[in-house]
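Reviewing the structure listed below.
Note that the chains are named A, B, C, D and E in the order they appear, and that numbering of residues resets to 1 at the start of each chain.
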Amino acid sequence: MTISYSDDVAKSTTWNFFKLLFRWKGSLWKVLWAELTLWLTCYTLLSLIYRFLLTDAQKLTFESIVKFWANFTGREFVSLTFILGFFVSLVISRWWDMYQSIGGTEKMALHIASYIEGDDEETVTIRRNIIRYMVLVQAMVLSKLSHPVRRRFPNMEALKTAGLINDTELHAMNNFESIHPKHWLPIYWAMALIKQARKDEKIASDTYVIDLYSKLSDYRGGLGKVSSYMSVPIPLAYTQVVFLAVRLYFVIALIAEQYLLSGNTKQPEIFVKFAVDLYFPFATVIQFLFYVGWAKVAESLFNPLGNDDDDIAVNNIVTRNLQIGLAIVDNAVDKVPAQIRDPYSN
Amino acid sequence: MTISYSDDVAKSTTWNFFKLLFRWKGSLWKVLWAELTLWLTCYTLLSLIYRFLLTDAQKLTFESIVKFWANFTGREFVSLTFILGFFVSLVISRWWDMYQSIGGTEKMALHIASYIEGDDEETVTIRRNIIRYMVLVQAMVLSKLSHPVRRRFPNMEALKTAGLINDTELHAMNNFESIHPKHWLPIYWAMALIKQARKDEKIASDTYVIDLYSKLSDYRGGLGKVSSYMSVPIPLAYTQVVFLAVRLYFVIALIAEQYLLSGNTKQPEIFVKFAVDLYFPFATVIQFLFYVGWAKVAESLFNPLGNDDDDIAVNNIVTRNLQIGLAIVDNAVDKVPAQIRDPYSN
Amino acid sequence: MTISYSDDVAKSTTWNFFKLLFRWKGSLWKVLWAELTLWLTCYTLLSLIYRFLLTDAQKLTFESIVKFWANFTGREFVSLTFILGFFVSLVISRWWDMYQSIGGTEKMALHIASYIEGDDEETVTIRRNIIRYMVLVQAMVLSKLSHPVRRRFPNMEALKTAGLINDTELHAMNNFESIHPKHWLPIYWAMALIKQARKDEKIASDTYVIDLYSKLSDYRGGLGKVSSYMSVPIPLAYTQVVFLAVRLYFVIALIAEQYLLSGNTKQPEIFVKFAVDLYFPFATVIQFLFYVGWAKVAESLFNPLGNDDDDIAVNNIVTRNLQIGLAIVDNAVDKVPAQIRDPYSN
Amino acid sequence: MTISYSDDVAKSTTWNFFKLLFRWKGSLWKVLWAELTLWLTCYTLLSLIYRFLLTDAQKLTFESIVKFWANFTGREFVSLTFILGFFVSLVISRWWDMYQSIGGTEKMALHIASYIEGDDEETVTIRRNIIRYMVLVQAMVLSKLSHPVRRRFPNMEALKTAGLINDTELHAMNNFESIHPKHWLPIYWAMALIKQARKDEKIASDTYVIDLYSKLSDYRGGLGKVSSYMSVPIPLAYTQVVFLAVRLYFVIALIAEQYLLSGNTKQPEIFVKFAVDLYFPFATVIQFLFYVGWAKVAESLFNPLGNDDDDIAVNNIVTRNLQIGLAIVDNAVDKVPAQIRDPYSN
Amino acid sequence: MTISYSDDVAKSTTWNFFKLLFRWKGSLWKVLWAELTLWLTCYTLLSLIYRFLLTDAQKLTFESIVKFWANFTGREFVSLTFILGFFVSLVISRWWDMYQSIGGTEKMALHIASYIEGDDEETVTIRRNIIRYMVLVQAMVLSKLSHPVRRRFPNMEALKTAGLINDTELHAMNNFESIHPKHWLPIYWAMALIKQARKDEKIASDTYVIDLYSKLSDYRGGLGKVSSYMSVPIPLAYTQVVFLAVRLYFVIALIAEQYLLSGNTKQPEIFVKFAVDLYFPFATVIQFLFYVGWAKVAESLFNPLGNDDDDIAVNNIVTRNLQIGLAIVDNAVDKVPAQIRDPYSN
């Protein structure tokens, strides 16, 4: 389920945005709490060991190591902001395009309802089945790509049970020998129904046929695009680089950001840093919120067909496509209210 | 209401841009004054406490804390400029696409006026109602998404009162059982009217029908896109990261940017910083203008259908769509001036 | 007038690009000289006051202030490069899209000349008037948006004088009651003429009508896009942030970059900076060229329909559209050279 | 073969992303191990020479050199992150566009199966051959661009052996004299077959012909785009700049990041850096992972038709296009399951 | 001629990319050697003057100046990487769009060959001349924009000699009075030929005419886009800013990067820098490679129709368009191999 909150910031006061901080679902806090707890635990353990278990000599060595690594955090490290900036931009543009490509049946249903005329059983069945075939192919494609859809429709039997395909059709599909996925087959059936409707003069013009075909083709193309995005992801090495960069930064920070007991060093810069004996790494926790939080945004949008809070509710989309598509082609046809002049005309 | 000022900088002199600084509506000052006042008040309070209430020992501790946090402001902090740069780019591209997708009736009206011929009552009503249905669906969709439109049209009754839907139609709509929104229904009615007009030979060709359908479909698609942008916003965690980054920076700056009385420190860098005993944090206020100002740009464009100065005047768009659409299909039809040769021909 | 210089760098030698530096029109120098002179004058005045008017005690205070502000210039200031980078990218993409959307009559004229057949007075007038109406609507829209076009066509009378609209048409337009702009009216007339031509069998096919309509619609859509860009500019606060950031940087630099007499300070870093007693702030002037120059690029493209050197020559476009459009539909029709076999055939 | 792993991060837990680190194919480790080993070997050799072979005087010189170059690594060097950020963005957008442009036969096959009617031998052959010609032209174009396809189809003979072209056709192609590639010829044959089918009334309407032509044209256009991307790559100098920047950085680091024995220097900054006597350049290896890893992403996507793990499996695409295309036009035609009412209707 | 090298990096090994460094044409070295040599000469001269000609007092002054400017190089200077990053992105996106817009005749030729039927002299001439007119208009437009094309076709006479236009046509073109370019005239002729072919029933359907017209229109639109890019370049001031920023950086570096004899300064930072007495400015030369190399990429793509190694081979495109276009419409027509069943069918 995507998390909608646009409405809460209709008026962009700071107060409205501030309230957003107290949401849990899909929030920074929800994605971060586990990792942050782990990090703080490790940090505290290290700190306790240093303060209570180490001998003075060991403390000196430890402090040397801390000072050594402190040189590589902050601005001396690889520039996390940019790596994340470029990566998040890429992930977000892919996520949005994927979301836009999943496709709905509403447009097709409106055109079918308008182009394919007739109230007899056969025509009604044709109209309904075209919609059903569209939803069937969507369910078939998405069950290959999306965990939640796969759980709902683990195999063709499940689709049959759900009423998306019947015995005859399943038989026909199984009879069709091909080592490749047969996602195109229901699309072909829909096209054949349209062709038949044209032959039976249920569709008034060849150009209407082309219009319906092109809408079907866009729908299939959108699903193909979603497939492409899923099967050809951002190269693994890129994802690894970003994941590693962020996580290693904080592994190093575990040591580098330890507060040292001995502030009596001669280097003025270092001095200020370690002058205040603190126990909680405020600054690093703030960095953690930003960097890991930002990385989490990318990670949760990486596979937008999954189970994350921000992921697209694909199962709902499939259900909605079937219900609204059937409703349109079935009930609406030719039921237009009597035309009455509007009150604005003079 | 969006704030137009392009005309004031037709000639891009510095003076023209300078004058922009003195505008209030939609300005940096208007979005910033409240927060800036709050920040300055807190800063002054802290400063007064430090100077007049603390003992010398407490002052030393306070100064330590100031020096500690001073290490994390400025360039050592998370790079605000980039986070904001990437985020603002994303928000602005969504905002512009949303604005472009809201749709108008002008194009459709021109084509209806041209394609659907006849001056009899029935034809005129058809033409007017197609436009009305388009505006109706826009009002229905936007009342789900936009505060100002929701205030104007809180329910279907309000739409009836406004004359966008009549009793018969409202009845038909309520009769149609569906758990999903019925935004497509007026679109379907419009398509059915076009189909009827074609059957009655009011439209001369099938290809004209397809042309009208595709314009209707684009219009519906635009509204669908606006819906998508509103219901699938930028992931919450991303917005939280940006909001937090900017606000926490200035919470830290409250302490870190305090001017210290004791300039007699030994560190040369720090020395210069605290050498001038100042009372007003000029530099931080300047940073506040930039960072919070920039963040505010993103925040006010985040929900462009809301109440901010820069938000799209959606109610005006709905009204204008109805008025201009009806004006075109009603008055203009077949009223072309007598054709006279232009003065350029030889 | 846009400044064309692509041809001068056909061969991308450094010498060719170097020569570009000596151009005046649209150049960095032209946009910068006034502001730079002002800045240098202020800088010199401050410098003279410091060196000759201040007492020694005052000098010390002044130097403290200089050193204080010197901490906030250079890399410690808000990152101008990024703010400018993101802003200039946004402005340039809007500018280019606007330029591409202004539209020409050439494409339409070629199709009119081809589709609408006949050499009789009536047909010729139809062809010419469609073009004239297109130019008329362009002039009407642009006179709302662009200073130079507004100066040329301040009102409908001016359009009549220019021959873009005649009395009958102006009368018809005035008779049409609407509180909204009537830019669509000439488009409607053009559509009505096309429809009439189809009815009189001057156009051979319905699909040709749709083709002409869609070209008209694209043309109108382009003008609408230009309107959108002008009436919904980049949010004011964003422009203010960028303008302020750049200008404040150099106001601060007026003080911060003063050369100090007393080089005998103890801080090593500062020492080098003030060791050479210079009178001219070379480095800051170079920064001025870059930052203010870059900001000026954005500012002059901000309203590309204005009077800047780089602005689009909208008046020329209007004139050209009329002349070339009329020339095509009038003279060219059916004047094809006798077809002779080309020399390449064997 | 592209590496699919989207499914493994359906739930974006850190653990799921962490597991990605242990994959080998297409991973950071696989692309980096050779170069990293080489770098570490050189580093160790230099280190051993410095520690055991050099005299004290030589050591001093060596240390001077190390300190000298140490000034140019880290943040003082050219900003690798940005150069890489911009370059990788460019490479990725080209890679993705290329991948989307390679084209499939599925869409065309569905339309052929629907538009071209008849079960006689001639019609079946026409349908099959149109698909075969499409695959033929893809194989011809890709064998010019892609190593793996070239290995599979080194010449026209290989295409004949593979059954993509027969003797008659090869003869016809050879007879056609042209110094330019003849990739368009099979496309033309396909168009001619469609035209013939229309003449023989196997295709019911002229608009269907245009629909088929436009799909063929898109297919050809996609292949042309792939050709463009391959023959007009990112300018060589840009690639060289990026390659050099990353590699030179680590050549310099070989020296600059050597740990020095003499920590007793007077400069405080340097002191901390060399205080810990370490043997393994942890920090530089981490930088190596990020910078070279990121560069490798760009390098392996640079030519996505090659042999890298992340490259597109072009040979599979060609095979799949033939199999699925033929399957659709051959078996599917007119085999629609008997239409049964779905279980949702009431 | 663009430089193709994608094939050499089919396997993205470091070795393959390393070999790219040794290419000359279009390489970094070729674009840089002259400027680098000049820079090194100036640098050496300055160095020699300082070491051998200056008195000790002058040396001290010189060293002061060096130290002064040294503060403004490196990270203290304007951020070259970003300015270049944004600028190169802009130039590359314009370059690629321009390249894609130049247009070919292949698509049009295939459609002409298919739509315009007949083998008589007149029909063949029509087909050939449409192609010739397309190439003619391309040559006319490009000779206005591109040096190499202008050299080949300096005037209309040269086009006549080349056989692209004959006497009758040239006469007709000259007779047509217009102060504007007449690039549209050959397009109009081509449209008129298509119209004539339709009237003579050589084209079977009106929709085919529209299809041909739209392809012609796209072709003309592409050339218009190229014209736009050339006549409305990136604003001059922007180009000047980038050019100046890069070049001034290295003019300053001439002084700032001089190695000083007197390393015995007290400032620790400076000390390390000047500790090693070196004669060759390694680090600055490396920066030169990156910054000037990157700027050169932008500069050579700035006018992609020029004479640079990376520029588009426009003359070849014109020639190829004529040859392949004529070959298709002439030889190919109706020469389809006898249809034989493929070996895959069972």
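Quick notes
In this section, contacts are C-beta pairs under 8 Å (C-beta built on N, C-alpha and C of every residue); 3 or more make two chains touch, one makes a residue touch a chain.
Everything numeric here is computed off the predicted structure, so don't read it as measured data.
Spacing of subunit A relative to subunit C, judged by their CA centroids, is 39 angstrom.
Averaged C-alpha coordinates put the centre of subunit D at 24 Å from the centre of subunit E. In subunit D, the residues touching two or more other chains are 31, 75, 79, 82, 85, 89, 207, 268-269, 296, 300.
Taken as a graph of touching chains, this assembly is arranged as a ring, one closed cycle with exactly two partners per chain. Remark: ring traversal beginning at subunit D, heading first to subunit E, gives the chain order D, E, C, B, A.
Listing the residues of subunit D that touch subunit E in their complex gives 31, 34-35, 64-65, 67-72, 75-76, 78-79, 82-83, 85-86, 89-90, 121-122, 124-126, 128-129, 132, 145-147, 163, 166, 168-169, 171-172, 176-180, 184-185, 187-189, 191-193, 195-196, 206-207, 209-210, 213-214, 217, 220-221, 224-225, 228-241, 243-245, 247-248, 252, 266-270, 296, 299-300, 302-303, 305-308, 322, 326, 330. Residues 2-7, 9-12, 14, 17-18, 20-21, 23, 25-28, 31, 74-75, 79, 81-82, 85, 88-89, 92, 99-100, 104, 106-107, 109-111, 113-114, 204-205, 207-208, 211, 268-269, 271-273, 275-276, 278, 283, 286-287, 289-291, 293-294, 296-297, 300-301, 310, 312, 320, 323-324, 327-328, 331-332, 334-345 of subunit E are the ones touching subunit D in the complex.
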